[in-house]
Amino acid sequence: MTPAQVPWAAWLLFASPVTAILLGFFVLRRKPEWTHLPILASCAIVTASAFALAARVYTGHSFDLNLFRFAEAGTWAIDFGLRVDGPGVAVLAMVAFVGSLIHLYAAGYMKGDPAFGRFFLIFHLFFLAMIGLLTANNFVQLYLFWELVGVCSYLLVGHYHQKESARKAALKAFMTNRVGDFGLLLALLLIVLQFKITHFHLLYLKVASGAAFELLPLIGLLLVWAACAKSAQFPLYFWLPDAMEGPTPTSALMHAATMVTAGVFLLVRAWPLLAVVPGLPDLIAWIGAFTALSAAIIAGTRKDLKRILAYSTVSHLGLMMLALGLGQVGVALFHLIVHGFFKAALFLCAGNIAHALHQPTANVDDVGGLQKSMRLTYLSFLLAACSLAGLFPFGGFFSKDAVLDAAWHRGGGLAAMGMLVAAGSAFYIFRMLFLAFYGCRPEQKRAPHAHEAEPILGVPVLFLALGAAAAGLLKGPIERFVTAGFRGLPSGLPGLEVVLNLPGEPLLPHLNMTVALLGTLMAALGAFAAWRLTMSDPGFDWRWRGGPVEALFDSDFGYKKLVDGFAAAVSRSAGFVGRVLDKGGVDGLVEGTTGFVRAAGGAIARSAQGRINDYLWWMLAGTAILVVRVLR
Amino acid sequence: MSHPLTILWAAPLAGAAVCAFLGARARYAALAFSALFAGLAGALVLTLLANPALSVVNELGPVWAYGISYRLSADSLSIGLIALTAFLNLICVAASWELDVPAAYWACFLALASALTGVFLARDLFLFYVFWEATLVPMFFIIGLWGSSNRLHAAVKFFLFTFAGSVFMLLALLALVSAHHRATGVWTWDLAALDASALGAAAPLVFWGLVLGFAVKIPMIPLHTWLPDAHTEAPAAGSVMLAGVMLKMGVYGLLRIALPLFPELSFSALPILGGLAAFSTIYGALCAMAQTDLKRMIAYSSIAHLGFCLLGVLSRTSQGLVGGTLQLVNHGLTTGALFLMVGFLYERTHKRGLSDFGDLASRAPYLAFFFGFSTLASIGLPGLNGFVGEFMALSGALSVLPILAFAGVLGVTLAAAYALPAFQAVFWAPAGPGSVSAQVADLNLRERAVLWTLTGLMLWIGLAPMPWLAFFEPALRGLVR
Amino acid sequence: MSLTAVVWATTGGLFSFGLAIVVLRRQLLAMLLGLELMLAAVNVSLVHHAGMFDDAEALAVVALVIAVAAAEAVVGLSLILRMRRGGRGADAALLTELQG
Amino acid sequence: MTMFPLAPQAALAAGVLGALSLGLMRRPPPLALRALALASIVGAMLLAVGLPADAYSSPILLTDAKSIGWQYLIYLGALPLAYWLDGEDDVLTALFLGAVLGMSLLASAANLAMMFIALEFMSLPAYLLVARSRRGDRALEAAIKYFFAGGVAGALFMLGLALYYADTHGLAASAALSPLGQAGATLMAAAALFKLGAFPLNWWLPDVYEASAPEVSGFLSTAMKSAAVLFLMRLCELAPEAAFIAWLPAIGALTALTGAVMALRQERLQRLFAYSSISNAGLLIIGVGAWAVSGRSTEGVSALLFFLGAYAFMSNGTFAFIKYSGCETRAQLKGRGAAMPAAAAAFTILLFALGGIPPTGGFMAKLLLLWRAVDASLLWPAAAGALSALISLAYYLGMIRDLWFEKADQSVSFKPGAGAVLVIACAAGIVLLGAAPWLMSSLAGGLVR
């Protein structure tokens, strides 16, 4: 397949965002409030191209080719290229669709913001980076967009940079990602060292050839470490809840639907390498399960609406990791795509509420009884909430059920944790629903003038909620996309299915009645508990405020103190090295030598205070010593 | 005498002489000569692009007394660094255009450019040493006469520190030449003719003498404490030249003299030298974190960046060598841009402290964009120039001594830990009580034009480094193990 | 003991005596005498060995040494007299203005 | 026509007699004495130019390449003082010319007797020169210290001569030396080291250079030092087996380091340059040691000759600047760059040269000397020499810093004296010497190749 044969849609994916950004940066410098116009147009083009490519891949025409040589020195070389295959294009379609809606929403939400122009440029740069990440065909190119996404997240979380908390959150987000990228960069280097190439497909073939590669376990571990940072898994998840300091569109697009899934996507791309390493998939599964469960519990206790959703995202990413760990790549992708829909919808609803209250973010104490005043938002929230809880007809049911089914087959602790997570997620989402929309409680401030958001904010939310509801229908196409990803590639590269001996039966398990019933039961149990603790006993939420229990939950079971302690230790050591060791020690040594030399001079001078006798005495002594030494 | 290479280093020197006597309008002469110098360097780059393996040689007449001969030659490594010198010199002249400085200011910069070109061209060790020392004099006056508050101490410390290193380098060169004479009966300082096998037992002593001279200049840890003082006190353009090119003389010396003469010894010394280089990436970052002066922080970051160059060069793998050499150019551009902007801030407010500014993002958006861009390039964001050099250098180091690469990657991670908090303190944090942000006017057209060229280059090297790598690769092929 | 040994004894004794005077005494005049004594001591040895090797050149040297000693005395005395005329006694201890 | 081999010495002797006869006249014409002094020095130099390398050799005096080369140095060093000598004082002129005559005799001395005569012939006038060079008791005190130190050194030399004579039955060169002879040779070497200013025999030197007039210090530091170097070299030639030769590099290193270290803390300029002269003397001693140890090669001689030539320019130049600028201490130097740019620039070039910074002659000198040391595999003395150069650079740079970077405190008024031309001439000379490698090869100087 030559570059000429690459479909125009693939070029457009990159060309339109770049032109929109350049247009916005150079041409619209004087008219920042128009920046979003070219960008929205570019979103439309990107969505169209993404769906066109999805159609091609759906009909079996995925491709993977090297476009140009990025760097070369002697025998060492790195090529960049494009890979449009099942998993990539499936996620790309979701990102394009959800992203465009959120761009539209942001046009309304951010109107009147002093840095409107800058926000939109960075927002679209992130969009471009995400596209690049999903269509890269080798690890270095993926790393390039991976870091670019990290930088955009830093800039967007720090959008309201006047606020101290926003700056701290932005730095925390970037540094945690940076710690994760320590693993990814090292993994890259090890891959280049071990395999001499970084091209995904060729790596799959090399790994599948059965040869033993001693560095592979370390590479796998480092890749998982990087994924944990980007997809906010334990132990590197703590940056995501703080990243809610950014404007709501950022939280919706990046910290819910797209960016945080990049970690999972990395593991999907590297799956053939990880699957071969004994014990690594189990590690991924257990990390996912543990994170999902603990995040679900903490989410149930949060007060700030966006933070509840943030912990919910961490929990669902845990579920995706769990599915991946159990070897179900298709299930993980399916849940990733469905999650994209309902989480984006929930975030935008939270955004609408905050917007209606004219506050950057809404707290459980500020809201209450919004059902009557914000009907459309309530409806969207309800649809997305049911999908998240995994109730029957909604999309979430199918994708979460698939995960629970996979966990059920593995049985044991993972299955139990899966079920508990199902209950937990139902609990925290319905608690949020009841607290926000039903019966204003005495502790809550009545929001009298709350009014429905204007259409530009309401409509995208509704579309997303409907998408979340209907996501279940995507199960068929998703399965086909995933298998297309690993089945034959017309671009001349041998197919992987025979190579990776994929399981015979279809990737996505059929509906297993027992698991479905049990899952729905647990969800219902969670919902009932939420109803019980918020509606029938309205004051419950505020009863244990200020107590040790709240402190325990606020500090994520003490984990946050651990992290802050580590950060403080690093800066203290930097202070020690910088001031004491460098200034005092090394520099002191240098400055000290001149002092020592001066002192030596002084000592010699004092030995003869200008008296002739001393001079002569020195002369005599010198000559005598010389003669004696000569004669010996 | 009219060989292009001789003209290459003589033109700026002539320019310096002309500027010294022109008085008020010296800056125009400076601009003219800098442009001429850049044009010449550009022409040579183009000729080398035409046939990369070419090495232009200029030998003038017979051997002089004491075996010294006027021997210059330029392969892609030399021409690359000379082009960087010419480019940054032009940038410095443009950047300090509106300063009210005497004619001597321009003369010093041109003299510095001439001496640096001489260092990169000389193939006769005596000539190399003369140019090497000659670079100290103009920089001494630049720091001493036009530096900021504590410039006196910094200027003398800079000169003495570098001189200390190079004096022992001179002894090593003398030992080398004498040993060669004892073996072959011929006095010669020609780098190509000399070989270190005649040294026998004294070879390690001579090798470490040479390395000491170069290490002070790079600078490698424990010998680096002159750098923060010199950088902090030098004027903006002075810091750009100091960081942009003068630090590269050390690595160039290793590449041109120490490695070819002692191939085995330099590789067996890798654990020590490589260890120091890898450690300096972490040490530099930690020290940078502890600084409160913006320029001092960038100075310590230079130590970290040069650590990567060294890692690449010492690994003696093709990607390490080419990556390390490219990183020399990258560091010149990135740190040059950062120093320029700190210089612009200092010209406006005579302040450099992190807490002296605040909320500059809204007050000076252009400055914020360029400073942010250069900071990202400096912490090695892929897609910008820093990453390419660092990645190749680390890849080279990994294939030789993995522990070095681990330390290097930790250095890359720590880079963000000092750069971003500083960016936030100056541009994002609200203006504190003692802030002078009110005096900061955004960049004017001249300053923006200068920074656009640097930013363009950073992006070009970051996204499409192939032409740059292909340019340097032939000159370094000989050093690959 | 042989004559040569006696000669060396006298030369060494005289020389070290003269040296002691120069180094220990504070009186400039005395130091000058010490200087002359040292030169005289050398003459003793020279004369003896000239006799032993019957070599006239050494005797010429002795004559020269005596002449030089005289010249030295002249210069020394002129300096010391200049100092006394300046109202400062001829005492070495006073001469400590130049030091460090 | 065959030149009378000792013509230069004869010219100087005529100068001395001329000066004394002028003294007889009641009212000598005002500039006669100064003209006479200059004429005899320049005459001697011109006469020396014509002499073929091996014109004359007798047991007492000889004229070989070294003696002619060193005569140039001596006359070059003496020129500035000849110009500046007090025009009215005929005795002083006679003493000065006598000292120069003594030095040139020392340069041509063949045996020990002649060396002793020349040594004293050179030293005695020097004591008086120092005493009368400046009003006030400081000069007198310095002269007395110089006299007694010189006297003791002369006595030590004579004792050495006696011992040497007793052992070798002669006053000329000899191969084997018994311990007695070794002791004698060492004592004689001590006298030479005293004259050169080697540590620990050099306590007198700073006081003399500080107290006497700048031009006299210049004369002593260049002409006297060159003569002393050749004196030491002659001793090494006379007693090639002498054991003290092996110790010369160590003594040189010690002298260079202590000189530099002491100079670092000096506040008065002349005393600082005195210690700087000691430091350079240390390097010279290392040079002589390297020359003697490695079979007395011509390259060794040319390195020493070049160093002394360069040092003549540098030292005379710096002392001329001190005289011209009237600065006594480093504090007074502050900010003087602006007041007298030309002279200060020349002084800066000289300081860079003294520090051994290329492309000046000073660098070439240090390079050639260290080269000889390294070639004679005297690595540690060479390192000590390099270290002393580094320490010396500290105070040279310090002075440049004071000159240009500091603000002048307006209280000190400044009236320029004579000698600016000389400072600039010396600076030009030292830069020219910087191009020595090209210069030498094109002039194809016989001595150098």
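Going by the order they are written in, the chains are A, B, C and D; count residues from 1 in each one.
Note that in this section contacts are C-beta pairs under 8 Å (C-beta built on N, C-alpha and C of every residue); 3 or more make two chains touch, one makes a residue touch a chain.
Source: prediction; values computed, not measured.
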| item | value |
| --- | --- |
| Between the pairs B-D and A-D, the one where more C-beta pairs touch | B-D |
| Cα-centroid distance, chain B relative to chain D, in whole angstrom | 43 |
| Separation of mean Cα positions, chain D and chain A [Å, integer] | 78 |
| Where chain B and chain C are represented by their mean Cα positions, the distance between them in whole Å | 65 |
| Distance from chain C to chain A - Cα centre to Cα centre, in angstrom | 97 |
| For chain D, residues that touch 2 or more chains besides their own | 144-145, 148, 152, 207, 394 |
| Residue numbers of chain A (touch at least two other chains) | 605, 608, 610, 612, 616, 620 |
| All touching chain pairs, where touch follows the definition stated at the start | A-B, A-C, A-D, B-D, C-D |
| Residues of chain B touching chain A in the complex | 157, 161, 221-222, 224-226, 283, 285-291, 300, 317-319, 321-323, 359, 361-362, 376, 381-383, 387-388, 391-392, 394-395, 398-399, 405-406, 409-410, 412-413, 416-418, 420-421, 424, 427-430, 464-466, 469-470, 473, 477, 480 |
| Of all residues in chain D, those that touch chain A in their complex | 144-145, 148-149, 152-153, 156, 179, 182-183, 186-187, 189-190, 194, 199-201, 203-204, 207, 242-244, 247, 251, 258, 261-262, 264-265, 391, 394 |
| In the complex with chain B, residue positions of chain A that touch it | 68-76, 114, 140, 143-144, 147-148, 151, 154, 158, 161-162, 164, 167, 170-171, 174-175, 178-179, 181-182, 185-186, 188-190, 192-193, 570-571, 573-579, 582, 586-587, 590 |
| Chain D - residues contacting chain B, complex | 352, 355, 357-359, 363, 367-368, 370-371, 374-375, 377, 379, 382-383, 386-387, 389-390, 393-394, 397-398, 401, 404-406, 436-441, 448-449 |
| Residues of chain C touching chain A in the complex | 19, 22-24, 26, 31, 92-93, 95-100 |
